[in-house]
Amino acid sequence: MEQGLIQLWASTGIANFTMGSVVMIIISSLLIYLAIAKGFEPLLLLPIGFGGVLANIPIAEIAGPEGLLGILYHSGIETGVFPLLIFMGVGAMTDFGPLLARPSLMILGAAAQFGIFATLFGAVAMNMIPGMEFSMADAAAIAIIGGADGPTAIYVASRLAPDLLGAIAVAAYSYMALVPIIQPPIMKLLTTEKERGTKMSVLRHVSKLEKILFPLTLLLITILLLPSATPLVGMLCFGNLLKECGVVDRLSKTAQGELINIVTIFLGLAVGSKLAADKFLNLETIGILLLGMVAFSIGTAAGLLMGKVMYRMTGGAVNPLIGSAGVSAVPMAARVANKVGLEANPQNFLLMHAMGPNVAGVIGSAVSAGVLLAIVG
Amino acid sequence: MEQGLIQLWASTGIANFTMGSVVMIIISSLLIYLAIAKGFEPLLLLPIGFGGVLANIPIAEIAGPEGLLGILYHSGIETGVFPLLIFMGVGAMTDFGPLLARPSLMILGAAAQFGIFATLFGAVAMNMIPGMEFSMADAAAIAIIGGADGPTAIYVASRLAPDLLGAIAVAAYSYMALVPIIQPPIMKLLTTEKERGTKMSVLRHVSKLEKILFPLTLLLITILLLPSATPLVGMLCFGNLLKECGVVDRLSKTAQGELINIVTIFLGLAVGSKLAADKFLNLETIGILLLGMVAFSIGTAAGLLMGKVMYRMTGGAVNPLIGSAGVSAVPMAARVANKVGLEANPQNFLLMHAMGPNVAGVIGSAVSAGVLLAIVG
Amino acid sequence: MEQGLIQLWASTGIANFTMGSVVMIIISSLLIYLAIAKGFEPLLLLPIGFGGVLANIPIAEIAGPEGLLGILYHSGIETGVFPLLIFMGVGAMTDFGPLLARPSLMILGAAAQFGIFATLFGAVAMNMIPGMEFSMADAAAIAIIGGADGPTAIYVASRLAPDLLGAIAVAAYSYMALVPIIQPPIMKLLTTEKERGTKMSVLRHVSKLEKILFPLTLLLITILLLPSATPLVGMLCFGNLLKECGVVDRLSKTAQGELINIVTIFLGLAVGSKLAADKFLNLETIGILLLGMVAFSIGTAAGLLMGKVMYRMTGGAVNPLIGSAGVSAVPMAARVANKVGLEANPQNFLLMHAMGPNVAGVIGSAVSAGVLLAIVG
Amino acid sequence: MNSLNGFKNMNIDQLFAQSLQLLGLGMGSVFVILILLIGIISTISKLVPEEKFVDPSAKSRATATAPTSSAVNTQHIAAIQAAIHKFRNK
Amino acid sequence: MNSLNGFKNMNIDQLFAQSLQLLGLGMGSVFVILILLIGIISTISKLVPEEKFVDPSAKSRATATAPTSSAVNTQHIAAIQAAIHKFRNK
Amino acid sequence: MNSLNGFKNMNIDQLFAQSLQLLGLGMGSVFVILILLIGIISTISKLVPEEKFVDPSAKSRATATAPTSSAVNTQHIAAIQAAIHKFRNK
């Protein structure tokens, strides 16, 4: 009996906790709290946080190669399958109509990607801090946080820096949730009251045919110029074609419904498996969080400045605020642009105009991911 | 042509049947009949029975390593993924409100687990019968049938005694279906008319916050005291948190809907692959069926006796009948308690009061599973 | 920088295109066009076409062993899991009532399978053309196109001739879409105006019990006589039992809904991965397309001739047109029979009568597949 | 698959012979199995008691349209409506 | 699994001893964990502010049936209706 | 991945150079691809015939509100309602 009691005690959590796992469980619980109480991207941060708790339980080894989370990570993230299926679902959920109604605004979605590449320098510079060591691949994986797109960040990190994936995913989704806090000050700093009050003309109606041809056009260009971006862009286009073609509604409904829900649950838990103390509790993570914030801010600023250029060039036909939506973070960033616009002018509804740059930003980060994977990967 | 005819004849079922496979196909068909005609846990026993038929078809080797059932078993049950996902779905379907309204009744769910551990002795004793040979691991896997919870039984059996999994799963689900026949006599034997007629006061309203904190509390305690139970308890809590937190309804809907349906189909077929003659047609199976019945009966009795203790201690505020619901077998056992209560007193609605011990029983068996896995596994 | 530009240019599609991949992307795009604009079996041909485009993108290697399509093919088609799950879904969607109301019409579904076996000779004969080389296994895989059933064709091809799977799947689904063009001329050629105008008596009501017993009966016969057909027939019967038994509606709903949708998306993309230039752009593919057309035509003719026999034997109680529905291609072929019947006699509604031979054709091709797998496989 | 490899180095005559064999065995099996099926389900349909039950939707409408309809009429109506229903869904 | 193999070559007395041990440890763990749980959630329920909230469906009906019902009544009705609701669904 | 290993033993200056290169190539690619996209879809939008079609929900309401509305008005209304619709859904 004693022997049994000893064996049982030896198998309790209390007897086996390490400081690190305790801290990680607390951090993971914080993510759960933020997801539920503060509405921080709950669809992902809740499963990620819960996965983080499970991953740090001693003995159980739920994140080990034979544990549920380990199996999910191995089969869904190492392979890239989960982020790609999420991207298909995103495509099936996205209406590119606003972008097609005024294609020129896509430039804003391009400019905002500056945040990604500028962050590379920050990451490299951190190598000067003793104890920090980021390879070029690490730097690229961290920089993609600036893409403000979850599946893209997870996909790139899983290929370039799996060890940093946990911190990168957490940073990406946290900052997407913080967009309403991060962006407005930058928006107000870089734009004048008059600019913010600019109203934009109603969008033209976009025909069904244009919507069907769009994903095919995008895929074609990506194939010709940047094949390394085609896994991401391809699945986005596939999902969108399912949605727009109108002949496979049952597949479209599934891709944007039950399938993306199932994959989201699995993806979240699997990402959580990377919140293990040894991989997360280190200087690098602090660096990643800082760099992610920088990336978001620079991306926002770049989008706004390009917005001001277009404001000038179009003689005030474009409200610079929608430039900040270019970072993607769909649809949060577009809503923020709309909100700030309303503050400046109560008749100023920017939401639909901001959706264009917003979804263009998704394409922009997928393209950026392709470049990073082609050169660094 | 003759050669071809011979080859074809040689490839017919008739030419290749073994006595065993014929018998197993008949037994599996019986399960299908009971599921459809008698409503024996059809969601599981129908796929299990059909899987059993497919598994015993000569030549086709559908349960072999390259057959559909073999692949499902290998990827979903050997890994533990299917039962854990079912447990997540169960969590997303379960309302712990009744349990939270009157936590003390959880004791009943604890007592009823006595059926599990008492059965260990029966299993060990059977080693005295020539031709029977149960290791401690076998005994533990058989005893868990007393937990009256399908996924728990399958999960434990897949870890401790894969060869017995078919018989254990069949026994577990069959007896859960037989609860309305097994329990009432025991209930009437151990309780007086007066006790059975006891009415219980209406349950208090439980706040949303309490419901959100419950799965987190349960997980925390399990982490601290019994990490080996956290895969099961963790997924149960995760599913329940998805349900109660209110910010991820689309994930909750999927977890308790399409996802659990898909996994149920796969799990059932995969369990059926274990109904192969050589593994099933032996003395052990008879032993398992007997022991399962014993486990259910002892568990029911233990719950009732603890119910009588609470009846005394509370001065008649607790109806002992709800103790029998402590074995879990949700929600059947709770309904049986309600029915027997109504017979004794037509104004006596016990359903909601029995749900507390009923779901506590699920937790109790998951904890018991953890102990068995920690010590025997 | 130059070095980088070179690296980037070296990683563009333009710099890496082969003639073959360009042609295959065009062909795949044509499939997408036919699916969307002409409604050619869009549920399958759209994903297959899109998968074909992705599979032929240089560098990305999306169809490679580590690419999404390659992973889907390896885990879902090489194993046979996807076609079998589709077959389960088909079973859950199929109402065998019309077939049960008048079982004798199943003979038409048997006769139409002649198209499969007659095509074997054509495939073998093609070996006489220099540059063509079909083994017996290849011939069998090609012949099954005549079964006019997608999952059956994919399942057989994946087992007998994986290299030809792309062409076979494309041929099978294309000709199923072309049924309204292929069949009518043959129907009019082989039947008289009077025969086509024959009205058939209303079908009797079929009881629930008969519908439940049917899948079990079919499975039993297949087990006894042709176990090699039980994976396909078994899953068809399982799905149908889920539908008809009435006690597992949530599983039936999932099997014929979200699950078959998910698998269809994966199956289509995975089949597309076989549209690689080196496997598709060769004489064999031309041969496969020709033979597939032949198989459909012979099958249609055989069904019609058997229809004429029944017309005579029943003294005009059977309209020969429904014989053409025996090729399966559910429900298209049945609708074609109905349409041609209406042309001959506006009061002549054949749809429900044609559904019997139509679904019998599915069983017939599954049985034929079993024979081919047993003898050639 | 071994047999498959066997076929690889077959000459064309052997392949034709093989095809002929498959034709015979294949059509044979298909007819045997489906005729057996016809026999058994015909027997079953005789044994199974005539079901009063008509699928609810149909009945409701049937009664709506012809409250006093005989079992036969109801069945006809049911069948027709089922057909229409199918037709629409397809 | 090593321990498992250990048990394989145990004699029956050892197996009984082992079972006895499992009985003790098992029921012990179950009771300890569930009693702890009772303690903590009881404490929580005291700390958590009484919720005005009643689940909408219930409220709507509650107000429908008894527009002037006191909080307590409403709760009773809610509880009862929840029960009925559950019963139907199960 | 070989190139990746290559970077591992780079000194910081090389890393900065590499970053600069990525900045140029990356932003270059993004702008080239998106500008190309702008060009092509603008051309397409010119080639594609002005669609009479307005999404049904919108049309129904449009006609409801302004049965005699000109194509232009209808389009405006459609666009606005689409916007409102989107807004609600988000």
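Order of writing sets the labels: A, B, C, D, E and F. Residues in every chain begin at 1.
As a convention for this text, contacts are C-beta pairs under 8 Å (C-beta built on N, C-alpha and C of every residue); 3 or more make two chains touch, one makes a residue touch a chain.
Predicted model, so just to flag it, every value in this text is computed and none were measured.
Hopping across touching chains, the smallest step count from chain A to chain D is 2. Between the contact lists of chain E and chain F, the overlap consists of A. Of all the chains, the one whose CA centre sits at the greatest distance from that of chain A is D. Separating the centre of chain C from that of chain D, both taken as means of CA atoms, is a distance of 17 Å. If you average the Cα atoms of chain D and of chain F, the two centres end up 51 Å apart. Contacts with at least two other chains are made by residues 4, 8, 225-226, 258, 371, 375 of chain B. Across the assembly, chain D contributes residues 21-22, 25, 29 that each touch 2 or more other chains.
In terms of which chains touch, the assembly is arranged in some other way, matching none of the line, ring, star or all-to-all patterns.
Every pair of chains meeting the touch criterion is listed here: A-B, A-C, A-E, A-F, B-C, B-D, B-E, C-D, C-F.
Residue ranges of chain C in contact with chain A, taken from their complex: 4, 7-8, 11-14, 16, 25, 29, 32, 35-36, 39, 42-43, 46-47, 50, 53-54, 57-60, 62, 66-68, 71, 258, 261-262, 264-265, 269. Contact residues of chain B toward chain E in the complex are 95, 97, 100, 103-104, 106-107, 109-110, 113-114, 116-118, 120-121, 124, 127-128, 135-137, 139-140, 160, 202-210, 213-214, 217-218, 221-222, 225-226, 331, 335, 349, 351-352, 355, 360, 363-364, 367-368, 370-372, 375-377.
Taken in their complex, chain B has these residues touching chain A: 79-81, 84, 88, 212, 216, 219, 223-228, 230-231, 234-235, 238, 241-242, 245-248, 250-251, 253-255, 257-259, 371, 374-375. On chain D, the positions that touch chain B within their shared complex are 20-22, 24-25, 29.
Of all residues in chain C, those touching chain F in their complex are 1, 4-5, 8.
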